[in-house]
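The structures considered in this document are given below.
Paired with chain B in one complex and with chain C in the other, chain A is shared by the two complexes that follow.
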Partner chain A sequence: MMTEQIAAVLRACLFIAIALLLCMVIFAAVGLSAIDTLRGVVEGAFFRPRAMDHVLRWGLPLLITSVGVVICFRAGYFNIGAQGQFYMGAIAAAFAAEALRGTSPLVAVPLCMLAGIVGGAIWALWPALLRVKAGADEVISTMMGNFIAALVLVHVTSGPLKDPSGSGQATSSLPVDAAHRISATTGTSPIILGITALVVLLGWWLTRRTAFGVLSGLAGRNPTMVTWQGADVERIAIGAFLVSGAFAGLAGSIELLGPNGRLASGFLPAHGFTAVVIALVASLSVLATVFVALFFGALASAALYLPVMAGLPAAAIQIINASIALFITSRTEAAENLLSRWRARWKT
Partner chain B sequence: MAENPQAGAQAPALDAQGVTVRYGSFTALDDVTARFEPGLIHAIVGQNGAGKTTFARVAAGLVAPAAGQALIFGTQVPPGDVPRARTAGVELVHQSFALPPSFTVAEVLQFVGPRAGLYSRRAIERHWQAWLRDIGIDLPAAARIRDLPIESQQSAEIARAMVSDARLLILDEPTAVLPPEGIDRLFARIRSLKARGVTVFLVLHKIREVLAIADTVTVLRGGRLVAGPMPTAGLAPASLSAQIIGEGAGTLDLSDRAALTGEGAARHADAGAAAPRRGEGKALEVSLLHVARGQYGNGLSGVNLDVHSAEIVGIAGVEGNGQRDLVAAVAGLQPIAEGAIRIAGQSFGREGLARRRGAGLRIIPFERNVEGLSLTSSLWENWSAAQLVGRSLLATAGPRALRRLADQRFREWDLRYRNPDQPAGALSGGNAQKVILAREVDAAARLIIAAQPTRGLDVGATAAVWDALRAARARGAGVLIISSDLDELFDICDRVVVLAAGRSVGTFAPPYDLRAIGDAMVAATARPQEETA
Partner chain C sequence: MEDLIIAFLRSGTPIVYIAIAGVIAQRAGIWNLGLEGLMIVGACATIVTIRLTGSVSLALLVAVALCALLSLLLWFVVEILKANQIIAGLGITGLGLGGTSLALTAIFGSEAAVFAPHGLPRLGPAFGVFGSLSILVLAMPFLVFGIWLVLCRSRFGLRLSAAGEHPFAARAIGVSPTRMRFWALLLGAPFCALAGAELAAGSLQLFSVNMTAGRGFMGFAAVIFGAGHPIGATLAAFFFAFVGALGIRAQLLYGDLFPSSLLLSLPYVATVIGLWISARIKGPSAATNSELGRS
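Our next item is the complex of A and B:
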C-alpha cells in the first residue's frame, strides 16, 4: 500500500521532470534563456518573500478539487466537470452569503460552505444519473456542464447578484460581508488549511479504509466483475460523482469566502481542468495528490510573479502546465514501462 | 502456386524441424521435430498449455518459430503472411470463430474467394449455395452468421477454409463446441475431405475422438513432443492417456483420469454404493422459470431444477441454450418473467446478488477474466470483494487485515503467487481459478454455481477444482456445475440435467448414457435451427 503511494509520488516527479526538460527546449527555441526562465519559475514559486503563503493560496483549493476528481476517476468515471462543479459551488455559496449578510460568521461561514458543497454535488448528480440510468457518456455531459455553469455564472453576476457599482469588463457580485471572509485577498489562513487537511483525510479514508474504496477501485477497472460479486455499481458510481462534485463545490465556496471575496464572471477558468491534470499526475493516489497539487499551486503562484518581478512572460507557466498535461496523456505505455523496469532492477 | 520443385507427391504435408516458439520467457514449443504424411488425418493431443494451439498456428504460418522451421508441402511459408500460406494450401479454423456476425454465409465466402466486379446478392447466394452442395456442406447461404447455431458456424468456417482449395486444413479443437451427434457429423465431413485428398490436422482433447477419426496421433506435453506421429491402429487408450498426463498420471483417480483425457466410454466415479447420500434440504429449487431474451442470452422458457444439499448436479447442453440466462437469473442479475427461485430454502424475487450471497449463494462465473476477476487489480482486492459486498459502502475495510486474510486463504488453497499485491492478471489460468475458489468456496456456502470451472485449465488445476467441489459437497453444500465437457459432468455429478433451447428437457442419473443425453441436447435445438434457416 505504502509502496504503491510512494511509487505514485515518484512517477509524478518523473513526469514533471520530463515535462520541464521539454519546456527548456521550447524556451530556448523562442530565444529565452532556458536556465533564467526556469530560475525565475523556481524563484517565483519558492524563494520570493512569503512564497509559502502564495503556494498555499493557489494550491489548497486545487488540492480540495483534485481529491474529489481522484475519487471519481478511481471508480472509473471520467468526470471532467470539476470546473462547472467548482463554479456551481461558488454560486451557491454566493447566494447563501448574500442571504446571510450581517449574521455571525460562526453561522454564515459553515452554511455558505454547505451551500457550496450542495451546489457542486448537484452539478455532479445529473451527469451521474444520466450515466447510470441512460448510459450517457459522462465525459460529454460533464464537459457540457462546465459550459452551462460558466454561463450561469455570467448570468448571476450580471443579474441577481450584480454589483451595481461595478464598472470593470468582468461583471461581479457585491463583495462578501467582510466579517465572513476566511482569508485575505492574497493569502491563505488556518481555516482553509484545516478544511483542506480534513478533505485530504476524508479522501484518504474513503479510498483506503472503506468498502467503498476497495469496491470502487475494482469497479473502476472491471465493473462486470464487481456486478458478479453483487455490489451495487450504480450506487458506487453516484456516490463517487457526489463526493467529487461536493469537494469541487467546497473549493468554490472557499475561493468565494477566501481570496476572491466576491463572485466574478470567468474567475479561475482553469481551476477544474488543472485539478484533472493533478489527479492524473498523482496516479489517482490521494497522498500523491497533496504533493502534486502544491506543485501546481507553486506554478500558479509563479505565473503571477514572472512578468512582474523577472520580466518574463507568464505564458511560460502555461507551457509548463501544458507539457505536463501532454505527458500524462502519453504516460501509459512508455513511462509505465520505464518505471516498471526500474522497479524490477531495484528489486533484483 | 509458389511451389518448391522438389515438392512432389511425396513431400510431407508438414515438416517441422526443431520448431521452438517462445512468448516472452515462456517456451510454448520446445524443439519439436515431426513429419506428417499427406492425405491423412492427423490428431494433435495434449493437456491445456501443452502447446497444441501454438503448434497449429506454426503449421498455419501464423507464428514465427524462434528456432527451427516448418515446411508445408516442402515450401517455407514466411510467418505471418496469411495470403502466402493460403497459396501454399494451408487453412486454419480457429478455436473461437472469427467470421463477421452480420455477414451472410454467401457474403463471407464471396469475401474470401476470388472477387471480380459487381455482383448481386441473389447471384452470390445462388453461386455459393451450389458450391456448398458440391462440397457436401449443408448450410443456408443466405443465413447471417450470427443467426446460425454453433455447429453451423463451424461448418461455415470449414467452408470458408475450403474456398481457397486448402490442401492442409487445420482445425483447432473443433469438437469442444459440439454435442455428441454434431461430433459424428463433423467427423463424417472430415472423412469426406480426406477422400478428396485433403490433409487434415485436428487438435483434439479426447482420446475417444482421436481413436474414432485420426490415422495418426501426436502427443505434446509442456511444449515438447512426447510421441508421434504414430499410427492409431491398435493403440491402447490407457497408454495414450498416460503419455498425455505424464508423471501425474499415477496420483489420479482412475475415473478422473479417464474423464480428463476422454479415454473411453464415460463412466461415473461414484456410481453405485460409493455415492454419498445427498442431503434432505434443498440448496436450490428452480420451478417453471421463464426469462426474457436479454444480455445474457436467448432467455429461458420453462426450467425446473433442484439441487439438494450435499449433491453435485450438472447442466449439460450445447452452449448458448440458456446456461448463462439460468446463472444470471439465479444470481439476480437478470429479472425473471415467471417462475420461482429458492436458494437454501429462501425465496428470491427481485433481491440483488448481495442478498442472495447472504443466503449462501456462491458463483464461479463463466468468464474467469471478466466476470470472475479484475485482472489489473491486486489479488487481495479481488478476494476481498466478496467480504465487502454485503456491507455498507462506508463500512471500514482495513486493507492490512484483508490482505492478511486473503494471504491466509490463498495459502490454504495452495496458490502459487508472490504476494497479495500482485495483479490477478499475472497468474496462470489455474492459479487465477484458485483465487476465485478461495473466494467462493467457503464454509458458509450453501449453493455453489460453477460455470465452466475447468475450461482452459491443465490436468493438475482441473483435478484441484474437482476436489474442491467434491469437498464442498462433503461439507453439505449443493453444487451446480455448468460444463460443455460431458466427461467432466459424468465424472463428478450425481445427476445431470440437460438444458436445450432454454428448457430443462431431461434429468439423468448414473450410469450415464452418452447417446441418450446427446439426443436430449439436440432434440429441442432442432426447432430454432429450422426457424433461422
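Our next item is the complex of A and C:
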C-alpha cells in the first residue's frame, strides 16, 4: 500500500517535471528568459511576504472544488463544468446575500452557502440528466455550461445586482453586507479553514467509507460490471454530478462571502480548470488533493505576483497548469517503453 | 436579408473549418478537444505575422506550422505516452489560450488587442454585396468537398476510419492506427490554422485574448452532431452559426426587451440541444466513461 502511494507521487513528479520542461521551451520561444520566469513563479508562490496566507487564500476554495471533481471523475464522468458550477454557486449566494441584507450573520451566512450549494448542484444536474437519460456527452455539455454561466454572470452583474457606482467595462455587483463577510479581502479565516476541512472529511468519507464511494469507483472503471451486479449506475452518476456541483457552488459562495465580497464579471476564470488539474495530479485521491491544491493555490497566488513584482506575464501560470494537464494522465509504462526503445537505438 | 446572410457566412466559416479538423481526428479515433487551442494559435499567429511582416501568405504558413507542431505534441502525448485524450486535449487548449496571451505580452508588452494593417484577401466587387467576405468563405465548400473525397472515397480515408473504428482490425491488415492518427492530426492542422485565420483576419483584422470564445468546442460539438461526417459536421457548424447570427440580430432588434448577454449564450444553448438531439438519434456515445489516468 505504502509503496503504491510512493509510486503515485513519483509518477506525478515525473510528469510535472516533463511539463515544466515544455513550459520552459514555450517561455523561451516567446522570448522570455525561461529560468527567470520559473524563478519568478517560485518566488511569487512560496517566498514572498505572507506567502502562507496567499497560498491558503487561493488554495482552500480550489481544494473544495477539486474534491468535488475527484468524486465525479472517480465515477467515470468528465465533469469539466466546475467553472460554471462555481459561478452559479456564487450567483445564487449573491442573490441570497442581497435578500438577507441586514439580518444576523448566523442566519445569513449558512443560508448563502446553502444557496451556493444548490446553485452549483443545479448547474451540474442538467448535464448529468442529459448524460444519463439521453447519452449526451458530458464533456461538451459541461463545457457549454461554463460559457453560459459566464454570460449569466455578466448579465447578473450588469443587470439585477449591478453596482450603480461601478464604471468601465468590467461590471460588478453591490458588495455583500459587511457583517456577512467571512474573511478579509486578503488572506483567509478560521471559518473558511473549518469548512474546507469539513469538505475534505466528507469527501474522504464518501469515497472510502460508503457504498456510493465503492460503487462509483467501480463504475468509473467498468460500468457494465456494476450494472450486472445490480447497482443503479444512473443514480450513482447523478449523485456524483450533484456532489461535485455542490462543492463547486460552495466554493463560489465562499469566494463571494470571503475574499471577493462581491460578484464581478469573469472573476477567477481559471478556477474550474485548475480544480480539474488538481484532481488528476492527486490521482483522484481526496487526501492527496489537500497537498496538491495547496501547491496549485501557491501557483495561483503567483499569478497575481508575477506582473506586479516581477514584470512577467500572468499567463505563465496558465501555461504551467495547461502543460501539467497535458502530461499528467500519461502512463508510466508508456514512458518507460519509450525510454527503453530510445536506449536500444542508442546502443545499435 | 443580405447582411444576415453575410453575418451568417462570416460566423459559420471558422466553425466549419475547425469542425473539419475535428472530423478528420474523430474518424482516426482521436477526440480532439484541443481544437479551441489550435484555433486561437492559428488566429494569433496570422495577425501577429501580418502585423510584423505584412505578408499574408507567410502568416498562413506560420499559422499552419504552429498548429502542426501543437497537433503533433498532442499526438505524441496521446499515442506514445498513452495519456487520456480528453484531458490532454484540454491541456492543448489551455496551452493555446495561455500561450497566445503570453506571446502578446512578450511581443507587444500588453494583452491588449493587436490590429493588423490588412487581413485575408477579399472576394472583391465581382461578388457584389458579398465582396467583403474573405476568399476562405468561397474556398470552404470546395475544401469540404475535397475532404469528403479524401475521407469517404479514398483508400487513405477508409484506412483512417478503420484505425478509428476497429484499431485491431486495422492492425490485422497492416495499418498502424498510431501512424494513421499521426497523419490525421497533421492533416487537420491546416484546417485549424485556416479557422483561426478566418476568424481573426477574415473580416476583423484583429486578435484579442480568448477571442475564439468556445468556437473550437462548438466545432467539436458539430463533429458529434454531424456524426463524424464532413458534410454533416459542416451543416451542424452552420446550424450553430445560424443561431449565433440570429442572437446578434435579436440583440439589435430586441436588445432592450431581452438581456443581451443572455442572447449571446444562444449558440452555446444550441450546441447543447444539438448534442442532445444527436445523442437521441444515435444512442449513448461509447467514447466517454473510458478509464481515466489512474495508475
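In the analysis below, the second predicted complex is superposed on the first by the 309 of 348 C-alpha atoms of A that agree within 3 Å, B and C clash if a C-alpha of one lies under 4 Å from a C-alpha of the other, contacts with A are read in each partner's own complex, and residues count from 1 in each chain.
Just so we're on the same page, contacts are C-beta pairs under 8 Å (C-beta built on N, C-alpha and C of every residue); 3 or more make two chains touch, one makes a residue touch a chain.
Since this is a predicted model, take the numbers as computed values, not measurements.
Judged by the touch definition given at the top, the superposed model places A:175 against neither chain B nor chain C. Contacts of A:105 after superposition: neither chain B nor chain C is touched. When both complexes are overlaid on chain A, the residue A:235 reaches chain B alone and has no touch with chain C.
Which of chain B and chain C touches more residues of chain A: that partner is C.
After overlaying the two complexes on the shared chain, residue contacts for A:221 are found with chain B and with chain C alike.
By the document's definition of touching, of the two partners only chain C reaches A:26; chain B does not.
In the superposition on chain A, A:210 makes contact with chain B only, while chain C stays out of contact range. Shared contact residues of chain A with chain B and chain C: 221.
Across the complex, chain C is touched by residues 7-8, 11, 26-27, 30-32, 73, 76-78, 80, 130, 134-141, 143-145, 147-148, 151-152, 154-155, 158-159, 220-221, 223, 273, 276, 280, 283-284, 313, 315-316, 318-319, 321-335, 338 of chain A. Within the complex, the chain A residues that touch chain B are 1, 4, 208-215, 217-218, 221-222, 224-232, 235-236, 239. Within the complex formed with chain A, the residues of chain C that make contact are 33, 73-74, 77, 80-84, 86-88, 90-95, 97-99, 101-103, 105-107, 111, 213-214, 217, 220-221, 224, 259, 261-262, 264-265, 268-269, 271-272, 275-276, 278-280, 282-285, 287-295. Across the complex, chain A is touched by residues 331-333, 352-357, 363, 365, 367, 370-377, 381-382, 384-386, 388-400, 402, 421 of chain B.
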